[in-house]
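Should a chain be cited, it is by its letter among A, B and C, assigned in written order, with residues numbered from 1 in that chain.
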């Protein structure tokens, strides 16, 4: 480096420090009342927590410095055409069997043997995480593939849970009978919601679905004759195993394997859907609604299928949720639940199956295992949404489109067409 | 008749608060086309700041009027600072991104701020002192309208007139209108668009905080989650009036406030929030342009 | 044989503004018709009315598909139904599905000619598998024909500009139209690319028998391609005729072409 370069480097460092100081001062000012002063208006007492101010000051200073350093490095580095090291590593992992086969084997073994090595409590947590995997994959159809920002997804989850609870309460219906009914009812609600919002633009659609979700929850909370109001429904039976009543531990393990099965089934279906005629139509709709219609795609049908298919998974998981907790009430179905599932889809990468699976496991398990984290869970989810949008909107694992292989175009069989198209030649 | 009047005036009071918050939604939407989902949280932050300041000042033994004015002012300044920061962190980097990105970012910001206050303060409801004093001359009308309601109505009316004047007659007002019309063109003729957007966020946030302090002192309690429902309702008001239109937000606020007031007064109070959400869904589905707004068509 | 497309007294109002004023137009099978006129004359609005993106205020649009004989009324139909009937279009400002591959963009065009549903997709029924294979081969063949064969698996957003324009045409062709509407296909192209486009449009007509209605500002292209030219101004048709007739029409020269072109012509 030349002398001039050194000098300018020194100057930028000074500037960065000065800027970071300002940032730090600003955040100290900003958090002064909320984070430092705690009042108790009843006892007329005031607690000053100066330590928080200090932490914020130091924290924002360091973060700002690091941030400036990173952006500085990014702008200095000439953009290269070759993919980054990370991308190459990922490609290698995907391509070379000696890398991914043992890894995959390990993952499969762990998931299969998990209940035998860990406690009922741990298995329960894992089952919850798997439920969020399916919820994430379901919402991924609506948000990730079809590009419809659905903020009321939890409503379908509630529909599934209440279908099982109520059908069981009134008619003694069992879990296995309720599963398809819950899924079907959720799909029906998906279509019901879909109809009015068909014409709406992206952001309005988001708000209407949010309103819809809240309306469902408020009705469940207030319509006592129907849903038993805020007190909820208790004593929902766990799924039976061919007529056998299982012990609590047995039922937990059973539910765990059930969820594994459902996760695999979901991945199978979503994967097939996204590379099909319907899946392509969803993606086209996401990319450009107008052009999509002009290419002959029925917007109404395409959107409704997305809503219905997305809701189906939520309905199924809802039934399982009711069976797992044996008690449901409206507070399990707030907007925050929808936001959590959305955070999973956003973190994982819209439209990416692997991404959503990993994101669901990370976002659900991390707060469970890091107890200190648990309280900050929602704070973390909020931050994840913002940070991902700013730095990596495509998610942890961006979805790759399928590449097709060709033989040098063979002559397609003659088909009924009004005019010869390219395929006939 | 008195009952009707009471409900009507109660509705107007409610509505004026919705209108104060709705102005922030509508101004931001008008200028950058974003539904600022975190706006309800700014209102909540304003109310909390107001509570903290009021509690501090009570300990120092200031008189009630001074406390009301100071608490409102500090809350407004802080809310403006938060509004500015939120815009800078969560929205400005996404100016060029697709339409859904800033919205998702806004939802994240909203959740973040809610939990920030929950963790830093408390998740319980906190009592909020009645800052607005009882006026002696209002005694005979107490069964129709309380002094607090009267003060809220007068203050919001004044603020709205002031805002209209600012937008109509000042330099920054002109710059805001220009930016709302055409950002690129405004930039070409020398308007500092980023500054205009920041100021819009700050004004909107300050108004929301004022609404927060006033209504909190009227209702008497707050907690970290009040911003969500209030935000949705104010957004409903903004859409009802025609999002992007300032008189629309005020009108929408009053219409929503009265609807709620009558619905809970004459029908049932169980479904208070359902009315608001239902109204929101109905307008967005059937008349997304609102009462005073104009439908915007996509250019092909 | 009667005309393929007949437009009768088409009107379109936006509030108080009349964007189309009693427009009459027809296109015969296999004909290439150019629509010209100054900016804001209502050409794109006209396309939008034809393809169902706008609902015309008044007037009739009818399509007669050769070999089927029925007269199909197109106004009031949603865009996807219009495309199903046999009208496909491209857009003035390219509207590709940017994050899909080139091949997938064309495969989207096949959507309305195929019918595999959710169950077909999930269970991969024999019919769905065969159909999917046909979609791929047909789309690939269209891409080869339009000289986009080397781009199959690239994302549409990464294509060079001229190729993006051609991909839009490929995508429209995949819907098996009887009439292709091109909205300023040569906009932003260099002379070399424009020449290739000229060739391509003629090839589409001669090999596939598709009629073409195009909006274009590049007069050289319009003059060399068209069988007939329609001139619009302020939402009205002010002239119609062969290139030679239009060139010598004083009304057109004053209203639109201006001094420069009048001299070169």
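Simple rule for what comes next: a contact is a pair of C-beta atoms (placed from the backbone, for glycine too) under 8 Å apart; a residue touches a chain by one contact, two chains touch by 3 or more.
Just so you know, these numbers come straight off a predicted model, no measurement behind them.
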Ranking chains by how close their C-alpha centroid sits to the total C-alpha centroid puts first chain A
Remotest chain, subunit C as reference, centres from CA atoms: B
Geometric centre distance via CA averages, subunit C-subunit B, whole Å: 48
Roughly how many whole angstrom separate the Cα centroids of subunit A and subunit B? 30
Calculate how many whole Å lie between the centre of subunit A and the centre of subunit C, each centre taken as the average of the chain's C-alpha atoms. 40
Interface hub residues of subunit A, defined as touching at least two other chains: 290
Residues of subunit C that contact two or more other chains, please. 53, 91
Where subunit B touches two or more other chains at once, by residue number: 300
Inside the complex, what are the residues of subunit C that reach subunit A? 51-53, 65-68, 78-80, 83-84, 86, 88-89, 91, 95-101, 103-104, 107-109, 111-114, 116-118, 120-122, 124, 128, 131-132, 134-138, 140-142, 144-145, 152-153, 155, 171-176, 178, 207-210
For the complex, which residues does subunit A have touching subunit B? 26, 29-31, 33-35, 37-42, 44, 46, 52, 147, 149, 151, 196-197, 199-204, 206-208, 210-212, 214-215, 218-219, 222, 290, 335-336, 339, 342-343, 346, 375-376, 378-379, 381-387, 389-390, 393
List of subunit B residues in touch with subunit A within their complex: 34-35, 45, 48-49, 51-53, 55-56, 58-59, 74, 78, 81-82, 85, 89-90, 93-94, 97-105, 107-117, 119-122, 126-129, 228, 232, 235, 239, 270-271, 273-274, 277-278, 280-281, 284-285, 288, 298, 300
So in the complex, the part of subunit A that touches subunit C is made up of which residues? 269, 272-273, 276-281, 283-284, 287-288, 290-299, 305, 309, 401-404, 406, 409-410, 412, 415, 417-423, 425
